[in-house]
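One chain, chain A, appears in both complexes that follow, with chain B as partner in the first and chain C in the second.
And then the complex of A and B:
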């Protein structure tokens, strides 16, 4: 009996080991070493020099680009996150109605999510072309003057936000699942009380889907703050660094300037910022998220 | 029986030894699928003509620097390979690439590689260009014929003055109703064909600053001089092409679509400023095209530059690595030269007609007839009489200053959000601290 248990434990460890080792080797150790590296000057080749808080001090005091990068990233995120959520919810509500060709519409709105991001991004470069692009050609019909889109320093972030709205498929699907979970009986009761569509949405739908909303909010905040590919492919951070989002700047520091210490410091700052933001969202969620079970 | 066994055993033992005795080299490079094919051919030829040496070509199309860094950190450095122009100085100062000065001292053929192609670090030479590349004008002949305008000049001493060039570009620019940019009825909001196209990358604006007698940076490599009148004037005139004269689309990133070659082919653009290496693509696009020299302000010159090729310090086979390095830059052996992607590095490949023919005439239909003016004479004038090395060759910290400060400021001019004067005002104060002098 005893030895059988021992064998079981042995095999349990053997089976768990790959996952644990993988987690240690590919996650924990790199995370810890990046924390250490962030206090050094390290260029991949050659010695690493301990510089204490210098990298962090450089970012906050000396680097003239860092404040701009933060400003640009916050601008993008603060506008993009709520717009994406509202847009996804709006479409989800529409697609929750019983209309003809529902499956087709749902597919159409989800389709962008299965297009590889890089392909979609290149498609949008075409659309945004100021001189030959489809969007400007269309606007021209109404006599609207050329817009520079991703090539103008004031229009580049709004353009990227516009583009991000195109890709709300996954958020929409989750909202849709949440909407389907709202009990019919509540709507029937509201109908009997003579509630308008808006009141039904505000007093029934919205409270019932707040758990879904919370999930989508956290996910969207995290992914939006880490947007990288779109500015990397479309604008290279330009014009005038107006689309130099945080992760693109980090990438440049690490793989163009080879300042691994500085890049690690940047990585830790965004990590702490996202962790803090998520913490705040979760902490405040008890005031606005409604769980039916409770 | 025993002998037979012994013999087999020795044979088995010997096989790995004989393979080991063959000198294995690793060559790393980037480039299009076309370039990949050509490089593989060069390497094959090298392997055939050098018994006992075996070179493996490793194609790294994306994130080249990261990959090489990882290979070096892992103790797996290549022997010979491409190095991005912006990276040479970093790798040379870290001792990743080998100092080539001893070879330059002993090999006159290597010494004949143009001075402008050498990446110097202090007293040493870290690399040379893999090939020479220059900025020229490509044009669509049909659009010129339709407008009744003579083709862009191909001789350097007949180059257009800037204002003449603008005038020609205006004649070629047409709105949707067919009016050209000189017509009083011209509608700049509805342009169908542009006279000219360029983009925001430094290769497209640097030549005009030099042509206007300007400098990007002081000779000690510590002060940006782009706030000086010569630079400002040249940049402003480039931006005016889009915003004042309406003869060019807003210069966008090189990653824009459709790219300027396609616009040239489809007749949406009459002249396109671009690197000579586009001859490879354009010669296969099936339209009537030609090349010409750049318009100028004060001096009719262009710039030359090129990605670097270097020998890595970690190589175990110094002699073979050097042979490979040389083999690669020989226009007679490397098909990238006759196919229009690369121009030679040695002065004699330009000066001696028999050698010039080896890259210009080897494959008919690649280089147009005017190449002897545009690619040979014009290149010689620009590299020998008025040599200008882009700052990436000799200024420590240039690439950082360019990406963080200078290019963003140039963007503002090209999008008409600031005049050249306004955009350049703060550039030196921000960029100078990033510069660390001559290499």
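And then the complex of A and C:
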């Protein structure tokens, strides 16, 4: 028995070796190095010079673009995240009814998420085309004048948000799984009490799916704050830097200007921001997430 | 009164709710129309595409855009390059994740759940923070402009897939392992002969997700590959967009070529997509 325990531990070590090594090599070591590099000036070629807090000071004091990058990223994320979650939940609720053709609808709503993001982005540039795009010609039917979409400094972020609503498929599927886990007896009980549909949603459905909501919320915050491809391909951050999202700015600093130190400082700032935000979400979750049996 | 209540019952489960269908169908249009527009544009010539108001059905249908795309960009080469990365990356992902998932679900060893929890935290780690040092490591090794930086990390397990497989492995009866252990089988033999054959659906799900991740990967190839001839489909397509920025018929044909294989895969393996995604939201 003792030796069997030993063999089990031996094999466990063998089996987790890749994952643990990977954790150290691609996570822990890079995180620490990135912190160290953020205190240096390092341009890939040549020596790295220790500059203390200079990179951080530059971002907060001298860099006139950085406040704008933060503003634009927050604007995009603060609107996109709740809209995506609400939209996904809305579709999931509709699909959770006993409807015919559930499989077809589910496929349709999931389909955009399957489209490779690069292809989707190119397609949306074309959809947003002010003169010949699908969206403006559709709006024209209702007599709405041409909108500049991604080419207008006021409309570029709303355009990216609209596009982000297109691939809510995975969120919707996760919500649907959560909704299907709500015991029907709860609704029956609510019916006996004569609860309205709104009250049923607010007092039964919503509390029961808060664990799912928490999961989706955290995932969506993290991915949305790190949106890169869409502005990189669609707008190059323009017009007038109105779509210069954080990761695009970081990418440019690192791989166009080769300011590895400065870019690492930017990386650490968003890392801290996301960590703090997740911490706050999890800490406050005990006030709004309902776990059955607790 | 009773009748009334029953009617009042559940907008939540009602079978024939016209209102629901109307909303669902209009939202479906929002989802589908862009894709119809994509395909429709790929079958038009330059003249048709810039007609206002736009037409939905190409007249005449032209297939010329597709051969032209292959002439304009080395699409076949990008296709081969993509698979050169994708195949070893997916194999590595599946092997390393199976190993990890097995150790975390069926072997007993000290600190197991603690180690798992620590690895799980990386799910929330923003990729931004590891991007630069990882690049610098590969640059130091002189492997930028090769496929190694895009393949090797995939052999070190991805905790998301380990989690998915672990969830699945946990559903296999423990007695099977115990019986095999009594017969003298090693954990490796148990994994290979018992667990894996029973886990085919989960393995396929992970392989599909991993393959799609490679097919769609943009930032990786963008950072590590600088030579045209090394490009993958994703960055090749982006570069093509820069060069042919107003030839929407060609761009749509090229995009369609990148989309179609994925859609075909989706329709053959839809169950795996939906179940895999749904599983993500459940706690272990």
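The rule is simple: the second predicted complex is superposed on the first by the 278 of 294 C-alpha atoms of A that agree within 3 Å, B and C clash if a C-alpha of one lies under 4 Å from a C-alpha of the other, contacts with A are read in each partner's own complex, and residues count from 1 in each chain.
In this text, a residue touches a chain if its C-beta (ideal position, glycine included) is under 8 Å from a C-beta of that chain, and two chains touch if they have at least 3 such contacts.
Since we're looking at a predicted model, the values are computed, not measured.
Chemist: Evaluate whether chain B and chain C can sit on chain A together after superposition, giving fit or clash.
Modeler: clash
Chemist: When both complexes are superposed, which of chain B and chain C contacts more residues belonging to chain A?
Modeler: Greater contact footprint in residues on chain A: C.
Chemist: Return first, second, both or neither, reflecting whether A:140 touches chain B, chain C, both chains, or no partner chain.
Modeler: After superposition on chain A, A:140 lies in contact with both partners, chain B and chain C.
Chemist: A:44 contacts which: chain B (first), chain C (second), both, neither?
Modeler: A:44 sits against chain B and chain C alike.
Chemist: Of the partners chain B and chain C, which touch A:218 in the superposed model: first, second, both, neither?
Modeler: Second partner only, chain C.
Chemist: By the touch definition at the top of the document, which applies to A:238: first (chain B), second (chain C), both, or neither?
Modeler: A:238 sits against chain B, while chain C stays out of touch.
Chemist: Given the touch rule stated above, what does A:255 touch, chain B (first), chain C (second), both, or neither?
Modeler: Both partners, chain B and chain C.
Chemist: Looking at A:65 after the superposition, I want to know if it touches chain B, chain C, both of them or none. Which is it: first, second, both, neither?
Modeler: In the superposition, A:65 contacts chain B only.
Chemist: Is A:274 touching anything from chain B or chain C once the two structures are fitted on A? First, second, both or neither.
Modeler: So A:274 only meets chain C here.
Chemist: Touching A:153, do we find chain B (first), chain C (second), both, or neither?
Modeler: First partner only, chain B.
Chemist: Could you tell me if A:131 is touching chain B, chain C, both of them or neither one (first, second, both, neither)?
Modeler: both
Chemist: Which one hits chain C, of these parts of chain B: 3-11, 57-65, 165-173 or 363-371?
Modeler: With the two structures superposed, the offending stretch of chain B is 57-65.
Chemist: Show me the chain A residues, by the header's touch rule, that chain B contacts in one structure and chain C contacts in the other.
Modeler: Residues 44, 122, 125-126, 129, 131-132, 140, 233, 255 of chain A touch both chain B and chain C.
Chemist: In the complex of these two chains, what residues of chain A are touching chain C?
Modeler: So the residues of chain A in touch with chain C come to 4-5, 7-9, 11-16, 18-23, 25-27, 29-31, 33-34, 37, 44, 91, 93-100, 105-112, 114-120, 122-127, 129, 131-132, 134, 137, 140, 166, 170, 173-178, 184, 187, 191, 194, 197, 200, 205, 211-212, 215-216, 218, 222, 225-226, 228-229, 233, 246-247, 250-251, 254-255, 260, 263-264, 266-268, 270-271, 274-275, 278.
Chemist: Any idea which chain B residues touch chain A in the complex?
Modeler: 63, 65-66, 69, 72-73, 86, 90, 94, 96, 189-191, 194, 200, 249-250, 252-253, 255-258, 263, 268, 399-400, 403-404, 407-409, 411-412, 414-415, 417, 430
Chemist: In the complex of these two chains, what residues of chain A are touching chain B?
Modeler: Residues 43-46, 64-65, 122, 125-126, 129-132, 140, 145-146, 148, 151-154, 233-236, 238-241, 252, 255-258 of chain A touch chain B in their complex.
Chemist: Provide the residue numbers of chain C that touch chain A in the complex, in ascending order.
Modeler: 5, 8-15, 17, 20-21, 23-24, 27-28, 30-35, 37-38, 41, 49-54, 96-97, 99-100, 102-104, 107-110, 112, 115, 118-119, 122, 124-137, 139, 153, 155-157, 159, 162, 181, 186-188, 191, 212, 215-216, 218-219, 223, 234-235, 237-238, 241, 248, 251-252, 255-256, 258-259, 262-263, 266, 270, 273-274, 277-283
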